[in-house]
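A, B, C, D and E label the chains in the order they appear, each numbered from 1.
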Amino acid sequence: MIQQIVFIILAALTIGSALGVIVVRHTVYAALFLVLTFVASAGLWLLLEAEFLALVLVLVYVGAVMVLFLFIVMMLDTDTQSLRQGLVRYAPLGVVVALIVFAEIGYVVYSREMGVSFGTPLPRAGDFSNTRELGQAIYTAYGFPFEIAGVILLVGIVAAIMLTLRRRQGVRHQNIAKQVRVNAKRGRLRIVHMPSESRTGEKNP
Amino acid sequence: MDNLPSFAPIIPEIFVAGMACFILVVDVFLPDTWRDVTHWLSIATVAATAWLTFTMSENAPLLTFHDMFVNDQMGNVLKLFVYLMVVVTFVYARGYLRDRSLFKGEFYVLGLFGMLGMMVIISAHNFITIYLSLELLALCLFAMVAMDRDSPVGSEAAMKYFVLGAIASGTLLYGFSLLYGASGTLDLTTLGMHIAESSLLNIGIMLSLGFVIVGLCFELEAVPFHMWLPDVYEGATTPVTLYVGTLPKIAIFALFIRLLVEGLGGLKLEWHLILTVLSVLSMAVGSIVALMQTNLKRMLAYSNISHVGFILLGILAGTTEGYRAAMFYVITYVIMAAAAFGMIMLLARKGFEADRLEDFRGLNDRSPWFAWMMMFVMFGMAGVPPFVGFFAKLYVLRAVIDVHMVWIAVVAVIFAVISAWYYLKVIKLMYFDKPPEDAKPISCPLEMRWLLSANGIAVLALGILPGPLMALCAHVITF
Amino acid sequence: MPILLVAIVLAPLAAAVIVGCGMRFIPRWSAHLLTVLAVALSTALSAYVLWQMLFAGMGSININLYDWGVIGNIHFEVGFLIDRLSALMMTVVSFVSLMVHIYTIGYMAEDPGYKRFFSYISLFTFSMLMLVMANNFLQLFIGWELVGLVSYLLIGFWYTRPTAIRAGLKAFIVNRVGDFGFILGIALVLTYSGSLDYSQVFANTAALAGQHIELFSGLAWSVPTVICILLFVGAMGKSAQVPLHVWLPDSMEGPTPISALIHAATMVTAGIFMVARLSPLFELSDTALSVVMIVGAITAFFLGLVGIVQNDIKRVIAYSTISQLGYMAAALGASAYAAGIFHLMTHAFFKALLFLGAGSVIMAMHHDQDMRNMGGLRKYMPITYYTFLAGSLALIAFPGFAGFFSKDTIIDAVHESQRTGATFAYWCVLLGAFVTGLYTFRCVFMTFHGKERFVVEHDPSHDVHAELPPGHLPHAPKESPWVVTVPLTLLGIASVVVGWLTIKPLLYGNFFGSSIYVASQHHVMQTLAAEFHGAGAMVAASVTTPTLWLAIAGLVVAWVFYIYKPAWPAVLAKAFNPVYQLLLHKFYFDEVYALFAEAGSRALGRIFWIGGDGWIIDGVFVDGSAKAVGWFSRVLRRSQTGYLYHYAFVMIIGLCVLLGWLLLR
Amino acid sequence: MITLFDFLALSGALFAIGLAGIFLNRKNVILLLMCVELLLLAANFNFIAFSRYLNDISGQVFVFFILTVAAAEASIGLAIVVVLFRNRSSINVDDIDSLKH
Amino acid sequence: MPVHFPILSTMLWLPIIGGCVVLLAGRVWPASVRWLSLFFAVVVFAMSIPLWTEFNTQTAAMQFVEQANWIGAFNVHYSLGVDGISMPLILLTNFMTVLVVIAGWEVIHYKLAQYMASFLIMAGLMNGVFAAMDALLFYVLWEGMLIPMFIIIGIWGGPRRIYATLKFFLYTFFGSVLMLVAIIYLYLQAGSFSIAAFQQMPLGMLPQVLIFIAFLVAFGVKVPMWPVHTWLPAAHVEAPTGGSVILAAILLKMGTYGFLRFSLPIAPNASHALMWLMIGLSLVAIIYIGFVGIVQTDMKKLVAYSSVAHMGFCTLGFFIIFLILARTANQDAAAMGMEGGMVQVVSHGFISGAMFLCVGVLYDRLHTREIKAYGGVINLMPAFAFFFVLFAMANVALPGTSGFVGEWMVILAAMHANFWIAFGAAFTLFLAAAFTLWLIKRVLFGPIGNEHVAAMQDLNPREFVVLGALAVAVIWLGVYPEPLLHVMHASVTNLIQQATVSKL
C-alpha cells in the first residue's frame, strides 16, 4: 500500500516535471525540471529494485550530464527570448500528437497482453545484490557490448575535443626552444633601408 | 569464468579498434605536413582488416560472445564492401580535405571507428549489440558532419542530424524495450523462435514492430523519416557526405535482414505491408523532389531516397531472391554513389565546391574521360542498361513480380522514369552546354584519378557482367 | 518474240536513262537522236507485232517476264499480254510518241531543258507501253502511276513558272484521288478472285458475278459492281471525267508537245483503255456500266460547254479533249468498247494534230496562247492552218474525217443502248456535237481568220527574247520549221484517212477477237453492225442524222459570232451573265475544290497538328504530365522547410500513423 | 498493487511528452536534447520494469549501456551546439533553416 | 550446326570497339578519325554480307546462332541468331551506318570523333537488338541504344535540342520500362529469358492482354504509333542529319521488329483480341498524320510526320492478319499483309533516311529547315533535285520505288480483311502525295527564292555517293522486291502460325 502511494507520488512528480521541461519559460528551469524528473525516476527505479541503476541515474545523469547541460546553457546564455513564444500556438497540435502516441501505447498497455505472461516479481533473497548481479552479467555475458560502450565513450571524447578544442589563430605562444635556437645576429636583426615617407602615406597605410 | 568465448570471429573488429586507437595516438604527434602518414596508415589498416576478414571467413555462421556476435558469409561480404568503400572515401577525400585545411587525423579516426560500428552492426545478433553499434556509428557520423567547424551549414546539418537521429534511436530503443518485454529476450534467434511459436498475433509485438521499423527506416532514410538527409548531404563536406550518405546503407541492410528477417520473420505479413507503403513513398518523394534541385548533393540525396525505395522493394518481397536483390542493389548503389561524390570532389577546388548542377556544365569539353565516367554513373543510377544500376533494378523488380506484386513494379518503373529525368539533366549539362568561361583545369591527386576511373568503369563493367556479383549475393543469402 | 517485246519497252527506257543520267555529259544532238531512234524502234516493232497479229495469224501472247513478288499462291508478276487490243494501242502510242519526239526537236529547240525533255518523254513512252502491254493488274498499276509521274514532271517542266508547278501538283494529286479508287478496285479483284493476272481473273468471272459485299451494314452490293465502279474511279482520274477532270485544263501549262502526247493522245486515254481491257469484268455489272455511261455523257456535254468561253487556245483544246474522253466513256458504258477504242485511236491522231498545230501557232506567237491576241494567221502559216482545219473537221465529226466515223458510231451506240440513263446520255452526246462544232470553229476562226489582233513591233533594237506585253510580237508570225510541219502533215493525213481505213475491221470486223468481251445481252454493236454498209454509205447516210446538222449548226454559229458579228458574243455574255460566269468559271469546280479539298484539308491538318498533337497529346499528356510532376516537385520541395521541428513533426506523424495502422488492423 | 502496466503507462506518457516537446519547442536547441533524454528515460523505464517482472537481469544491463551511450551522446550533442553557436551566435531553432528545400 | 565464324558477335562488338578506337584516335590523331570510322563502318557492312548470301531461306529457324552463358543467377544467355525477319534489318543498319559516316564527313566540325564513335557504337547496339535471342540481352541493347542517340541529338542538335532529347529519352524510356516489367513476368513464368521459351509458353488471357499492352507501349512509342508519336517530330527537327537518318531508318524499325518478335508470338490471343485497337491506331496514324503533314512548315518535321504515317502501314500489315484469317482463312493474304509491313519497314529505312539526308544537304547550305526559306533550288542543284524528287516519289509510294511495295501489299491484304480498312489505308495515296509534293514544289521548284538560295552549290561527290547508293537501293527494291520477300517468307509463315495458335 505504501508502495502504491509512493509510486503515485513519484509518478506524478515524474510526469509533472517532464511536462515542466517542455513548457517552462527559461532553459535553466527546464534543465532543473529535468533533474527533478530524473530524481523522481530514480525513486521509481528503486521501487523496481534496480538500485544500482537508480544510483547511477542520479550520480551520472544528474551529477554529470545535467550539470554539463546546465553549464552549456549558462555558457551560451541565449535566453533573451522566452521559450514559451509560440508555445500556445502550437500547443494544441502538440497535445494532440502526444495524446495520439500515448493512446497508442496506452491501448497496448490497457489490453495487457505483451506476449509473455508476467508473474508477480519474485521476492529477492536477503543477500541479493542488484549491483553484484549486474556486474556479473556485464563482465561475463555482456563483455562484448561493454567493450563497444568503451569505444563509444572514446568516440565521444574524440568528437567533443575535435569539435570544441581550437588553436586560435594569432594566439601568442612562447616557444623556448625556438627562442634559444635563434641566431641573434642573423635572425633577429635586420637593417633595412627605408626612404622617408610623406604624411599622406601614413594616413592610408 | 569457466571458458572464454571464441575470439577468432571477432579478430578484424579487434584489429580495427586497436589500429584506430593507434592512429589516434600517432596522429597527435604528427606535424601537419606529415598527415599523409595517417592517410596511408588508415588505408593500410582497412586493407589489413579486409585480409583478416577474408581469411577468417567460414562457410558456416559462427556465433560468439554469448550469441551477441555472428560471423557469417553475408556479413563478411558486406564488410568487405564496407572496407572497399571506406578506402574509396579516404582516397577521394585526401585532396579535397587538404585544400580546405580539414586534412586532420580525426577524419580518419572517426572514419575507422565508424567502420568498426558498421562492422559490428553487420555482425550484431543481440539488441544490445545492435543498439550500441548503431550508436557507435551514429556518433561518428554526427561528429564527422560537424567536422568542418567553421561552416555554418555543416554545424546546422550536424545539429539536425543529431536531434533527429537521437529521436530515431530513442524510438528504436523504445521498440527494443517493448520487444524485450514481449519476448523476454534480447537475442535475435530466441526472439525469432518465440515469435514463430506464438501463433497469436500479439498486439505488443505489433507495437514494438512499429517503433523498430521507424528506427530502422530512419537509418535507411526511407520516407517519411528522410527529412534530415538532404540537409546533411548539402551541409556536410563532400567526403563526409559520401561516408555518411552511402556507406551505412550496407550495414543497415544487414540490420534489416537480421532484425526483420531473422528476428521478426514471423511478422513478415505486417512489415511487408508497411515497407510497401514506405517504399512507394520513398520512390515517389525521392524521384519527384529531386527534379527541381539545383544543388547536386541535394539532388543526390533525393535520388538516394528514391533508391532506398527500390532497396525496400527487394526486402518487402520477403523472399530469398528479394533479399539477394536488395543486397545487390545496396552494393551497386553505393558503388555508383561513391563515383558520383568522387566526381564532385574531383571538380572541387579550394573555395569552390562543385556541388551545384551548374558546375558540371561543359564537363565534356574540359575532360571527356571524366564526363564519360559521370555519364556512366548517371545512367547507372537512372537504371539504363548496360550499366549496373539497371541490373539492380531488374533484380528487385523480379523479386516483387515473383510475389505477384506487378502493380508495385509498374509504380516503381514509372518513378524510375521520372528520376531518369534529373540524371539526364546532369548529362545534359555535361555534354550539351558550354563550360563556364572561368573553368579551371581539373587538378587532383593521381591515385584519385585512377580510382575514380576504376569506379566509373566498374559501373559499366558490373553492368556488362553482373553475373559474379549476383552469384555472390545468391551465395551468401540462403534463407 | 519475248525479246522483241522487251525491246519495245526497254528501248525508250534505256534512251531515257542514258539521256537523263548523262544529261551533263552528252551533247545536245545526241539527246534527240537517241530517243528518236529508240522510239522509232519501238514504233517499228509495235507495227511489226500488229502486222503479225493482223496478217500473219499470230495469236495473242501472254508471257511472264519475272516474279516481282511471290507470297504463297499469290503471284505478283511482270509480264506482257499482247493481243490485238494491246498491239493496236502499242502502235498508236509509239507512233504518236514518235511524231511528238520529232516535233519536239523543233518546238523545244531553244529551251534549256532540251535534253531533260527528251528524257522525260522517252520515259513516258516506256511507262505507257508498260501500261498497255501489262498482263496483270500490278503492272497496269505500275504503268498507270508512272505515266502519272511523267505527266507531273512534264506539266511542271518549266519549273520556274509557279502556275506550271502548281498545275503539276494538282494533276498528280487529283490523279491520286482516282488511284485511290483504282487500287481499292484492284485489291477487291485480288480478294475475290485470288489473282491479279488478267487471264485468271477473266477466267473466274463467273465465280465473281454471284458474290456480294456488305459495305454498309445491311446493304449488300454486288462485287463486280463495286470493283468496276472503283476501277472506273481510277479511270475518271486519269481520263479526266467529271468530277476529277480539273487537272487537265491546268496541265496545259506544260509544253505543247506534252499536251499533245500525254494530255490528248495517250495517257488520258489510259482509263478508256483500261475499261476496254477489263471488259469481261465490266460486262458483269450493268450498274457500273450505267455509271460509266452517265459520267461520260455528262463530261462530254457539260465540259464541252466550258470550252466555248475559253480564250486560251490550248485550254479550248483541253476542254475539247475532256469532252471527247467523255464520248469514249459513254461508248464504254454502252458496251461499245470497240467504238470507244476506235474513237480513242482517231482522237489520238486528230487531237495530237490539233495540239501540235496549236503549238505551232504558239511558237509563231512567241509563246502567247491567248486567242484574243491572234487572228488572221492563215496567211502566215498555211500548213499549220490546213492541218489544223483538218483536225478541227475531224473533231466536229465532219463526214469523211476520222472523227466522224468514231463519234457517229458512239452516238448511235448510246442511242441503241437499253441501259439505265441511256436516254439522258444520248441527249448529252447529241447536243455535245453542236457544242463541239461551236467551240472548235470558234477557235479556228479566232486564230486563223478575221482581223490580226496582234501587233508586230518593228523596233530592231528590241531584243528577241525580251519580254513584250501580250499581243506584241517582235516580228511577224511565220511558218514553223520542217520538224514541226512534217509531223503535222503526217498526222493531218492520218486524221483524214484513218477512219476510212479502219472502221470496218475495227468496229464490225472481228478485229479485237477475244481481247474485248461483250456479254451476249449487250448487243449494241451487233445492232449497229447490221445497219453498217461500209464507210462510204455511212458518210452518205450522215446527212440524215441530227449529228451532222448539229455540228454544222455549231460551225455556223461560230462563224456568225466570230467572223460575221464579232460584237455579239459580248452582248450575249452580258445578257446571260450568270450562265456565262458559270461557264467561265468552269462550273466553279476549282473554287469548290480549293475550298473543301485544299483549304479544308489544311484546316483539318492544322486542327490535328496544333489542336490534337500540340494541345491534347503534347500539352495535356506529355508536357502536361511533365509539368504536373514539376509542380508537385516544387510543392513537395517546399515541405522541406529547413525547420527542425517540422522534420521531427513529419517523423512523429509517420510514427503515429504507422502505429495506428498496426494496432487497428 | 503496482503492476507492470502502471510503469508501462508511465513510460508511455514520458515518451509522448518527449515527442511533443521536440516539436513544441522552437527556440532553444538544448531543450531538444533534453527532450531526447526524456525519450531515453521512457525506454529505460520499460527495460527496468520488464526486467523486474520477467526476473531477467539483461534488461537492466541494457539500461546500463543506454546510460553510458546517452552520456556520450549528450557530450557530442552539446559539442555540436557549441559549434553551432560559434558559427551563428544563436541556438534558436527558428534560425537554423539555411538548409532547406 | 557447324562451328562457324561468330559473325553476329562481330556485328555487335566490332562497331563498339571501333567506336572506342575512334574516340581514342580523336585524342591522339584527330586527322584519322574520318577514315577510321569509315573503315570500321565499311568492314562491318562487308562482313554482314555473308548473312545474306549464306542465309538459308527454307527455314524459319534461327541461323548463325551463338550461345553462351551470361548471367547464371538469372539464366540469361548471350544468345544471338537471325531469321528472315531480323537479317534484312541488320543489313539495313550496317548499310545506313556507312552512309551516315560518309554524310557526316565534312558537315560535323565539333567533336567529330565523338560523333563518329556514337554512330558506330549505336550500330553495334542496333545489330545486337536485331540479333538478340534472349529477352534480357535484347532489352539491355534496346535501352543502351538510347544513350548514344541522346548524346547525338543533344550535342549536335538544333536550338531546342534539350527539350527534344529529354522528350525523346523519357518517352522511349517510359515505354520500355513497362516492357521490362512484362519481360520479367514472362521470365518468371518461363524460367528463362529465352525469347523462344516465351513464345512457346502457354499464357492466360489476362496476362496476355497486360503483357501485350506493356509491349504495345514500348514498341508503340518506338514505331511511333499515334498517339505516342509526338517525340518523333521534336527529335527529328533537332537532331543532326545523321541522327535523323539513323532515328528514322533504324530506331523506328526496332519498334516494328518488337511487335513481330514479342507481341505477336508471345501474346497471340491478346493480339487477336486487341487487333481492332492496333488497326485503328494504324489507320489514325495514316490519315490523321497525313493531314498533319500537309500543314508543316519545317522540312524535317514534315518528313518526320510522314514517317509516322508510313510506319502506320507496318503495324497495319502486322495486325491485319487476324482479321484476314478470320474473314477469309487465306494464309497467303495474311502473309502478304505481314510481308508488306516488313517490306515497308526496310523500304522506309531507305526512303526516310534518304529524305533526311536530302534535307540535310539543304540544311548544310542554308542552315535553315524552314520551307519558306527555299524555292527554286532546282535551278542551282539539278542533281540534288533529281534525287530529292526520286526520294519524294518513293515517299509517296510511286511504283518502281521501294515505297510502293509495302503499301501495295498492305492495302491489298487489308482488302481481304475489310473494305473500309483498305479504304482508310488508301488515303495515303493522296495525303502522302499532297504533303510530299507540296514540299517538293515549294523547295525545289519555282523561281530562285532569294539570294541565299542563289548561292547554293550542287551536290559534292560525297553527297552524290550517299544519295546515289540510296537511290539504287530504293529502285532495286521497287523493281524487284522478290529477293527480300523470299528471305522473309519462311519466317513470316512461321510467325503467322505462331500468332494464330491459341496459347490459352
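We take it that contacts are C-beta pairs under 8 Å (C-beta built on N, C-alpha and C of every residue); 3 or more make two chains touch, one makes a residue touch a chain.
Source: prediction; values computed, not measured.
Novice: What chains, if any, are shared contacts of subunit B and subunit E?
Specialist: C
Novice: Which chains contact both subunit A and subunit B?
Specialist: Looking at subunit B and subunit A together, the chains touching each of them are C, D.
Novice: Looking at chain pairs B-D and A-C, which one is connected by more C-beta pairs in contact?
Specialist: Pair with the higher count of C-beta contacts: B-D.
Novice: When the mean CA coordinate of each chain is compared with the mean CA coordinate of the whole protein, which chain is closest?
Specialist: Closest to the centre of all protein C-alpha atoms: chain E.
Novice: Quick one: point me to the chain whose Cα centre is farthest from that of subunit E.
Specialist: A
Novice: Farthest from subunit B in C-alpha centre terms, which chain would that be?
Specialist: Here the answer is chain C, farthest from subunit B.
Novice: Counting only Cα atoms for the centres, state how far subunit A is from subunit C in Å.
Specialist: 101
Novice: So what's the Cα centroid distance for subunit C and subunit E, whole Å?
Specialist: 37
Novice: Measure off the straight-line distance from the CA centroid of subunit A to the CA centroid of subunit D, and report it in whole Å.
Specialist: From the centre of subunit A to the centre of subunit D is 9 Å.
Novice: Please tell me the distance, in whole Å, between the geometric centres of subunit C and subunit D computed from their C-alpha atoms.
Specialist: Computed value for the inter-centroid distance: 96 Å.
Novice: Scan subunit C for residues touching two or more other chains and write them down.
Specialist: 626, 637, 640, 642, 644, 646, 648-649, 652-653, 655, 659, 663
Novice: Residues touching two or more other chains, restricted to subunit E: which are they?
Specialist: Subunit E, residues with two or more chain partners: 170.
Novice: Going by the touch rule set out above, which residues of subunit D reach two or more other chains?
Specialist: As it turns out, subunit D has residues touching two or more other chains at 4, 8, 11, 15, 18-19, 22-26, 29, 32-33, 44, 49, 54, 58, 61, 65, 69, 72-73, 76, 79-81, 83, 96, 98-100.
Novice: Touch graph across the chains, line, ring, star, complete or other?
Specialist: other
Novice: Just spell out which pairs of chains touch, all of them.
Specialist: A-B, A-C, A-D, B-C, B-D, B-E, C-D, C-E
Novice: In their shared complex, at which residues does subunit D touch subunit B?
Specialist: Touching subunit B: residues 4, 8, 11, 15, 18-19, 22, 29, 32-33, 36, 39-40, 42-44, 46-47, 49-50, 54, 56, 58-59, 61-62, 65-66, 69, 72-73, 76-77, 79-81, 83-84, 86-88, 96, 98-100 of subunit D.
Novice: How about subunit C: which of its residues touch subunit A in the complex?
Specialist: So the residues of subunit C touching subunit A come out as 649, 652-653, 655-656, 659-660, 663.
Novice: Applying the document's contact rule, which stretches of subunit E touch subunit B when the two form their complex?
Specialist: Subunit E reaches subunit B through residues 23, 27, 69-74, 111, 114, 136, 139-141, 143-144, 146-147, 150-151, 154-155, 161-162, 165-166, 169-170, 173-174, 177-178, 180-181, 184-185, 187-188, 210.
Novice: Under the stated contact criterion, what part of subunit A meets subunit B in this complex?
Specialist: The contact residues of subunit A facing subunit B are 104-105, 107-108, 111, 113-116, 140-145, 147-149, 151-152, 154-156, 158-159, 162-163, 166.
Novice: In their complex, what parts of subunit C are in touch with subunit E?
Specialist: For this pair, the touching residues of subunit C are 20, 23, 66-74, 138, 141-142, 145-146, 149, 152-153, 156, 159-160, 162, 165-166, 168-169, 172-173, 176-177, 179-180, 183-184, 186-188, 190-191, 194, 213, 215, 226, 601-602, 604-606, 608-609, 612-613, 617-618, 621-622, 626.
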